[in-house]
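This is the structure, below, for whatever I ask next.
Note that the chains take the letters A, B and C in the order they are written out, and that residue 1 is the start of every chain.
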Amino acid sequence: MDWGFFAGVAIAGLLTGVMYSLVAIGFVLIYKTSGVLNFAQGAMVLFAALTFVSLDEMGVPFWVSFAITLAGMVLLGILIEKLVLRPLVNQPPITLFMATLGLSYVIEGAAQLFWGTQVHELDLGIEDVPLPLNAILISQFDLFCAGVAGALVLALTLLFRYTRTGLAFRAAAEDQYAALNTGLKLPRIWATVWGVAGFVSLVAGLLWGARTGVQFSLSLVVLKSLPVLVLGGFDSILGAIVGGLIIGLTETLAEVYIGPMVGGGIDQWIAYVIALVFLLVRPTGLFGQRSVERV
Amino acid sequence: MSFRGLLLAGAVAFGLGTAAAQAQSAATPQEQYFPLQSYRVGPYAAGGTGFFGGFIDYMNLINMRDGGVNGVKLTWSECETQYIVEQGVECYERMKNHVPAPSAWNPLSVGIAYAMIPGITADKVPLITIDHGRTDSTDGAVFPYVFPLLMNPYSETSAIVNFIGSRIGGDDKLATKSIVVLYHGSPYGKETIPIYQLLAKKYGFKLQQIEVPDPGTEQEAQWLEIRRIRPDYVVLRGWGVMNPVALKTAQKTGFPADHIIGNVWSNSEEDAKPAGDAAKGYIALTTQATGTQYPVIQQIENTVYSAGKGDMADKSRIGSVYYNLGVVNGILNVEAVRIAQAQFGDHTLTGDQMRWGFEHLDLDPARVQQLGAAGLFHSINVTCSDHEGHGLVTFQQWDGTQWHRISDWIAPDWALLRPIIEASADKYAAQNGITPRDCGKQVASAAP
Amino acid sequence: MTRDNAAAFALLLVMALIVPLIPSDYMFDAILTPLLAVSLAALGLNLLAGYTGQVSLGSAAFMAVGAFGAYNLLIRIPGLPLLADFLLAGVVAAVLGVVFGLPSLRLRGFYLAISTLAAQFFVQWALTTVDWFSDGDTSGVLTTPPLSIAGVDIDSPVRRYLLSLAVVTLLTLVAIRLVRGRTGHDFLAVRDNELAARILGVPVLRTKLFACAISSFYIGIAGALWAFLYLRTVEPAGFDLDRSFEILFVIIIGGLASIRGAFLGAAFIVVLPLLLSRAGGAIFGATFDSGLVDIVEKIILGALIIFFLRVEPAGLSALAARMPLPRFVFNKNLGSVS
């Protein structure tokens, strides 16, 4: 057993998992504060990445593009909340989920309509030449992503735990009427939530876009994040990270060691099977708190 | 059930159907029509916009520069398929009753082509699947109306192996090498698995074939496998986003780009550019050269674009891989028209007459030069029994901004592959109750 | 015979006897046959998701099972009659449906929906990777063999349409009986309040599994129709997640828990893109960008989903019921949503 190789695979898997977590965090934010599982998250990531890269290609400086895209994402979020989610607020979660499914189609179509269907390169300036650690190669780019994810998690955890805004989010999520009674302005809270979620989508979009190029299948990252959420809990940011790490690690190890025996390509579904097992055994996930629709 | 509701639905369907049957424009007598099942949106839009752009531009060139083919104008209409099979089929059903009838179908999609084969065979209209398609349709005795022009998937495999051989100093040295084929997890990707195995047996190289599940945005595990195997070369049989991700992941795991050989659907600017620096040195097979220095491309720019009728919104894409493939496809379709006209007369030709034209599509390098395409592609010689046409291929390398040719025109090992192709075609014929034609007896005639 | 049934029967006669006389291949091959296949799949999904409340995002996987099952049975069992082939394919899909439906015994809502994705991805992988399913065909795109029933070749658009119509009509009649009977009551009870249903003596476990089975049976046969009578090729790519979403959209738009909803929704989904592209071509003429239409269609579809979920969760079916109609046409059966 080549332990060096194993370590390399494990590290690569963990870093891949971090990428999944980045998208999952966006889900968690929305779910934590409004109870909606936003399937359109992937489409939002695509929209953010496309907007940014198109502005970038037009010659707009990096931070200006970032700011404009962020503003666009916030606007998008507010529109979503007003037009889609609020009217459906009394419906069962599955209805909201299906609405976000429809929403993902709208956003994907709109993104292609505005920005076209070409493939774009996104260069964040990080050479992905691997760092050799003994015999193990570690990807510089993935390390950078891990760093960004870590910073993001830290910032968000601090936000939720120690700031008034964070407290307001949690209050609104816990009990909307009570929150209203204490004078919290819900519309502003929703707007802020979507703003933060938009920021997270943008960061995820930039990193994923740099990894795979910015094009249509970027929105498919959402499909890998759902198992992550199941594992980590839908409303826990820490859970998103841990879930991502577990899924990334298991997926990669399974593909490398078991894959060749069965024809390869099992990373397509192994994450979902793991999630399924978890759902049956521990539906709230490792860190989740909300009651699960379980029989 | 609500009678009204269902009747409404039925009425709409009825109306559309009859409208479709009748709303065909009246034909002018001197017109050769090409239906285009194009894809300009969706995940493969980059390839579609390039290919169909080049095809349309070439047809416009012929119309504008020459007044059509011997006075017969080329016409076309597009129908978006998004590369989805049932949309392609719907486009086919919609356009097949066009007046005048379609000259040839060019869907640029394996799935759509397969679904159309029974239909176009009954219609007696050729189906062109340039550089791809059903390999056994090379055998024109069993597939009279299907043409995998220029290169079929098996030939490509052989050419890549021969190229690797030429890089290491001779085919005999292949026995000391190890090759990994990284293929897309789809029927297209798996098509060549047995041929690589066959060639591995013939030349003695170590072979492993690894699948990347669709769409291929995550390939860590596969490239770590490759790192463990440490092959000398990796053949990339990709499609769409799988390609740039493969190149980037290769860089991440330390595999050199100049030992990755891409196949004909992994060979475009759209595959290399998004990978940035990771693509520098990457080599890919191509049946047509890249660039705008060829007379025909320059004529398109001077004649078609200066008149504002160019199809490409982004003019920098003229001369790109897919665009030039579209132009070459245009040349092949138009020359088939011309050759058929020499036989049947300078007027609108039927599908079967077009088939005859395709089956006598013999363009040697001298003729290719006359067409302004010297260096763009080499030659083609389609016959009744060989619908591929013995196309030659070349290899190009990416330097970060464009492709450069790095090899001569290479011939695949057709003799080795022919028996396999015929066996597969015979199996298809048996399964479907088809009596193969006798190509030896093919006379210069076709139903008028 | 009630007036409702008479109207439906009359429509059936029109579809079976008069429509086939129309000389348009396009209408049969591109509109009616796929519409029937999609309707059947939607009907199956409606039984599970609409009536029993178990949302599944993996319906395309079961269509694939039906299609590949039918193909494999047909080429491996010489002399197997075509209808038996479809039936057996449905049974195979049903068995698999029960297996993958076991999580529904413990999960609800979008947790169940996520777990159905496991079926979707696993089945797609299995059909692509395991060579046995495609009979070793390296190209992986299988062409369906020529079909015939009792010596009559099914080789023309009209005949394929008539066969689809026959199969779909038969299965729809079965479904109507099902939902009007005890089983239909049980389905709705499980959907509305599982605990209360259990207390009232509804065999919840059995009902859920039966819903999975019958739903997958219908969807499997729909897949066989789609592959054999419409596209005449069988490949895994046509049964991807987008297809699952499409079927789900059909029942959302058509009306959950409604038999006619499946057909209305399917008609809508099949006809909408064609209408849009004709309209676009007519308005914009030669400069018309067909790609644009597809993008716009995507947006419209998504917007309609949101609209229907917001405004009329009972879909087109309820809208149709509310149209000013003579009293006798109004559908009073269990199929309409309260």
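Quick note on the criterion: a residue touches a chain if its C-beta (ideal position, glycine included) is under 8 Å from a C-beta of that chain, and two chains touch if they have at least 3 such contacts.
These numbers come from a predicted model, not from an experiment.
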item: Chain pair with the most C-beta contacts; value: B-C
item: Farthest chain relative to chain B (centres taken as mean CA coordinates); value: A
item: Distance from the mean Cα position of chain B to that of chain A, given in whole angstrom; value: 38
item: Cα-centroid distance, chain A relative to chain C, in whole angstrom; value: 32
item: For chain C, residues contacting two or more additional chains; value: 125, 128-129, 291-292, 295
item: Of all residues in chain B, the ones touching two or more other chains; value: 40-42, 45, 185, 211, 213-214
item: Residues of chain A engaged with two or more neighbouring chains; value: 112, 117, 263-265, 268
item: Contacting residues of chain A [partner chain C, same complex]; value: 37, 83-84, 87-88, 91-95, 97-99, 101-110, 112-113, 117, 223, 226-227, 230, 262-266, 268-269, 272-273, 275-276, 279-280, 283, 292-295
item: Chain A contact footprint on chain C (complex, rising order); value: 55, 103, 105-115, 117-118, 121-122, 124-125, 128-130, 194, 241, 245, 248-249, 252, 291-292, 295-299, 301-306, 309-310, 313
item: Touching residues on chain A, where the partner in the complex is chain B; value: 2, 5, 8-9, 12-13, 16, 112, 117-123, 127-130, 137, 139, 141-142, 211-218, 220-221, 224, 251-252, 255-256, 259-260, 263-265, 267-268
item: Touching residues (chain side chain B, partner chain A) in the complex; value: 40-43, 45-46, 49, 185, 210-215, 217-218, 220-222, 224-225, 227-228, 240-241, 244-245, 248, 251-254, 270, 273-278, 314
item: Chain B contact footprint on chain C (complex, rising order); value: 4, 7-8, 10-11, 14-15, 19, 22-27, 29-32, 34-35, 125, 128-129, 134, 138-141, 143, 145-146, 230-233, 235-238, 259-260, 263-264, 267-268, 271, 273-275, 277-278, 289-295, 316-317, 320-321, 323, 325, 329, 331
